[in-house]
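Got some structures for you, see below.
Two complexes follow with chain A in common, the first pairing it with chain B and the second with chain C.
Right, the complex of A and B next:
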């Protein structure tokens, strides 16, 4: 009962986060590259219900901030005008998955005020909007690469398990080599072959391909183990006795069992691959500016003054925690289901 | 008998004096001609540690091109005539005086008598002649050689006496005395054998023993911990004293600690592991500024230095047709109106404000306002004007599609990438701001960040890039060291290396730079150099962006800190630095 509860919470959380990322253009109040050069490192905007004169308002509003003090990054609220939070207001244009475009945003405030829910970065770009757009890269690259790795693992692991012998040996040695390859160097090599000017979708696919390529080794070994174990089970032996071909055995009996193992492994590896993408972008080898990913957003937090004075720049790292926990909760539940089936 | 004894005594005494005065016996050395400094007299003792971004590659001046190596070598060795980093004027160093002939072709230097290398061996004209023989030797291929070629011909060096040397130039050479700055004198007694055996570039590596090295700088090598630190100790034979007659330097030890990046340097500085940062980044300055008094350190903002950041278009000729994509884009880049449009679209003020926290100055050419003698104040940094940029693009035959995309006269979308060094946060931020500015003109611009070596390799070797941003520094507050950048045959003429058919304006720059080099009158030189700056501002082969301010940090009780705008910003007077409180506490 408790497990089901955890599963549903984790699943709903991941669905919500991924949906928000998918609809980033609509949910985010600004485009990821919209700058406000007069407000570098703007702190999170305060939502008010009570104005400067102590008067209560039923509808939340914000005040415009203006640079104040000696530093460029000190701001004061201008109590002169209230800017109520508005829904479905018109703003920066966007497209969702390249399928439809729009300029209405879920919420925001009228210009010239700005609403930095999670603060702004050094170029005055909204961190909340960039985190949503960044999630498109970080979360989807993780999920797609994990899917790629699972398919590769399923294919190689099944072939090795079913055929055995020299084929098994060959598959497993190749798998070990793949496990040993550090993704960082593969990415460096791939980057060297690609032209300098690479569009964001191509770079995204490159990241998915590289992360998927280096991650299929572990699922392959797991699937092989499951297939080897299942080969000796009575219903498989019975099918063999009735003259079932290897392809039939694989498709009808072995693959369903292996699939569960692979799915569990996939749930485990998604957060790892997401972290891999973050590391790659953090090192400047992933998405290039201005396209955000959680990794290249965190790269800005390397600077000492950002760490000490602008804590909101670390939020992409914080966002990784619930996402990782949710995927791990899913993996736990899937793992226990697999155990009960075997 | 008495007479005999007396005459024999005199003969023995004369013989003894004669023998002692021979160099092989150590000699009755002439009285030391020391240089008295005008800085505040200090107290001896204490250690100073300063961060370096990476380990020096060598301690041999014949191999050193990287900044950490130069930082160490310039503390252990000395030059004949030195450019004072505070006044930017040439001043006596190992040469106590010099005279130039009116035609500007000859300089005669009088050397200091009686001074010694850090191992106690005497210094004289033979060391100078030997040093320049090595530097000018083509087989040695020292990095200093190019600086010692005037009109493509090497400087001639002659010994006129034990302490007199004459240098002859093949053509009149303006400010000839500045050539000697940062060309250290080598110890003949230690290196002559290695030179004759052709091994001189293999000596003085990081693993060399301190006993095998000697110089005339304020410090000498004490130890090297590979990958961690290089420790120098006080040179007891140094040739400078303060106004109280105390021999410099004051510090017992000077350590260069390897700290990989500027952010880590800030953290190590706060922790007290290092006591000075030079240079400090604008981000580092912003981090340290609030706690100056509380943590007892001082920050210095010296304003614009000699460093400049610039963006340049790849105008390299691709004669072999290896890079068709680049060649296609060069049709745009070669049009001066396109370059001018890009220049007018860039918001230099925003780069200075956002990437450098307002600690940078917008530029129009490579000559920064910090270079007060040579800066052409009639030229102003271009302000951002998108309408002007659009007008220039229209004139050049570009047009806009209904969706706002800029296309050329063949209908091709204007799309290119800007290459930047991923290790430099300010450069990446500048490139991002430029990308955003140019997107307002409908250009499709991609920022590509690569690590430093890959970036340099593309710019200098493969030429496989569209547009790049880079940082360079003028080596001296004088036009001569920038010949390499500005002239078409220069080794760092990055936007068009080895240009075979330079455009007319480039030929004019070549001519003006050659002319100023052989013009002795300052006002005439300034006029010629102003013309060069005006051509650069008009033709924009490169878009000069900003000059970052020279920023340094040092502990409050470190005295005689007088940061300069030429490197090393803080250690240039390391011989005068001292701790006001004992042991640098």
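Right, the complex of A and C next:
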């Protein structure tokens, strides 16, 4: 039962992360565009329980920072005034899903102090808030594209498997072509021929389309294999003997099996596709500023001084690690369930 | 034997042809071309643009252009670079050589590490060492390549032991070859680290499967020592799926290499592709994509030769 444990942990983690991304406006203390130009590359804000005089407080608080030290991006805490952490406080306006608008945030501190849990970037924008908004692009584009690829793979794979012959040959040659090109190359090449300067929602759809288009090859081959294998099995042959049509066979017997395989493949491919989005945006061909994605946030970390002095700018890439591990765990469990069923 | 290789070769050519056709069809859907930026420039007359279009052959219908381009490719060229104003092949081949300079050593190193390590890990399956090992590969697998490349750059910047990018220094102090090798260390290391967990997993899975087969158990029962058992008897039987993985691992390495080259400003195909995409330099994009497909396909052919030598079942095929 250890496996079930892992499964539920992974599932809960993914649900939490995705829900936080969906409700980014509420969970994030600031808007992704809110800047504090006077404090570039502010390090992660420290939460205190003990103040400068050594007195203990029961409620966590932060201090305001002011530039100090030799370089421009060194900061000292200003012990003059404590800013306690507050919940459900009013701040930047936002909309969730384009349906609800609000200005209450889950947590934060009163202005003029700021609470940057994961530091700030070169324009003084909150890295934590931007990562949540960026997850809307990176995680959702990955999941949607994987769904698209799965549906494409199911369609092509089952057609190839059921009809066989010349149709099968044609379908498989086309998938081979897609698979033959190294993934990032085909991703960029297909991306190259879509418009670059477009609004954020259009860009999101473009990215989903490109990722989905590039990724349908593997599920298609997998589904074809499953369908071909299943066609030889006795219950399918029996149904065929009773005069079942191809459409009926596909719907009643073959699709459920293929669906399982495709779902497993989808769990495997989601982190890869998310990485695809990150790479496109990282290379400047995807989501463009000021709208954040984990990829274009990382692009800032390419600058040498950022890389050496401000480690928190690498956090979007680090965040990919637990997400990938969770999807892997999910895929492992789904895969072993599939094994036991076939 | 000739029929077998003939078939494989024909198949590779067919795939290349398919890639070119696909890329041509996709680019047809693209809005604008290299010259469309010029249209906004009031200093260039519409007549001049028209002649330029005719000169580049952009006014012809798609099938004609494709046929024209194919005839170029058949002669080993990839069309014309608008942005550099030179044949695209002259631009592409040196860049491709630089990319191979990274990927080929990385390919060899990662296979040389992965095979023995994977075999040993398969033998340790079920023990705490084996579990630690599979946990380690899972974790490495989850580390994105972007992070690896950025961390390599960070090491170069922090320690100053390695150059932060490029291929050669302005004044190499230890001879050109040593200088090149010194520049290669970090990018190749990143590539190895990126591809190692993938190959390791496959080696381990393939060898584990043969280890549970009857003949290995019989050999074990006869008292064979473990190392000869693993490497002389189990590994060759597991070689088939691994050799097929060889070509795929080249594709994977090229893919990661694109990223590493861009981050570490290595003058390979990756930065060129990026540049030509932004400049809408159609034929260079096409050429880079075709070349990037050519190398894994060549790897597949090598794998086929190896497989033919290794696996008697294939020699029996009609």
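Here is the rule we go by: the second predicted complex is superposed on the first by the 325 of 342 C-alpha atoms of A that agree within 3 Å, B and C clash if a C-alpha of one lies under 4 Å from a C-alpha of the other, contacts with A are read in each partner's own complex, and residues count from 1 in each chain.
Just so it is clear, contacts are C-beta pairs under 8 Å (C-beta built on N, C-alpha and C of every residue); 3 or more make two chains touch, one makes a residue touch a chain.
In this text the structure is predicted, and so the values were computed from the model without any measurement.
Contacts of A:52 after superposition on the shared chain: neither chain B nor chain C is touched.
Contact with chain C, but none with chain B, is seen for A:328 once the two complexes are overlaid on the shared chain. By the touch criterion stated above, A:202 is placed in contact with neither chain B nor chain C. For chain A, the partner touching the most residues, choosing from chain B and chain C, is C. In the superposed pair of complexes, A:184 makes contact with chain C only, with no contact to chain B. In the superposition on chain A, A:308 makes contact with both chain B and chain C.
When both complexes are overlaid on chain A, the residue A:33 reaches chain B alone and has no touch with chain C. In the superposition on chain A, A:111 makes contact with neither chain B nor chain C. Common to the chain B and chain C interfaces on chain A are residues 195-196, 283-284, 302, 304, 308.
Listing the residues of chain B that touch chain A in their complex gives 263, 266-267, 283-284, 286-287, 325, 347, 350, 353-355, 357-358, 415-417, 419, 422, 425, 428-429, 431-433, 435-436, 439, 446-451, 458, 464-466.
Residues of chain A touching chain B in their complex: 33, 35, 37, 40, 71-72, 122-124, 195-199, 283-284, 288-290, 300, 302-306, 308-309. Interface residues of chain C, counted against chain A in their complex, comprise 14-15, 18-19, 22-23, 26-27, 29-31, 138-139, 141-147, 150-151, 153-154, 157-158, 164, 251-252, 254-256, 258-259, 262-263, 273-274, 276-278, 280, 285-286, 288-289, 292-293, 296-297.
Contact residues of chain A toward chain C in the complex are 173-174, 176-178, 180-186, 188-196, 271, 275, 278-279, 282-285, 295, 298, 301-302, 304, 307-308, 314, 317-318, 320-322, 324-325, 328.
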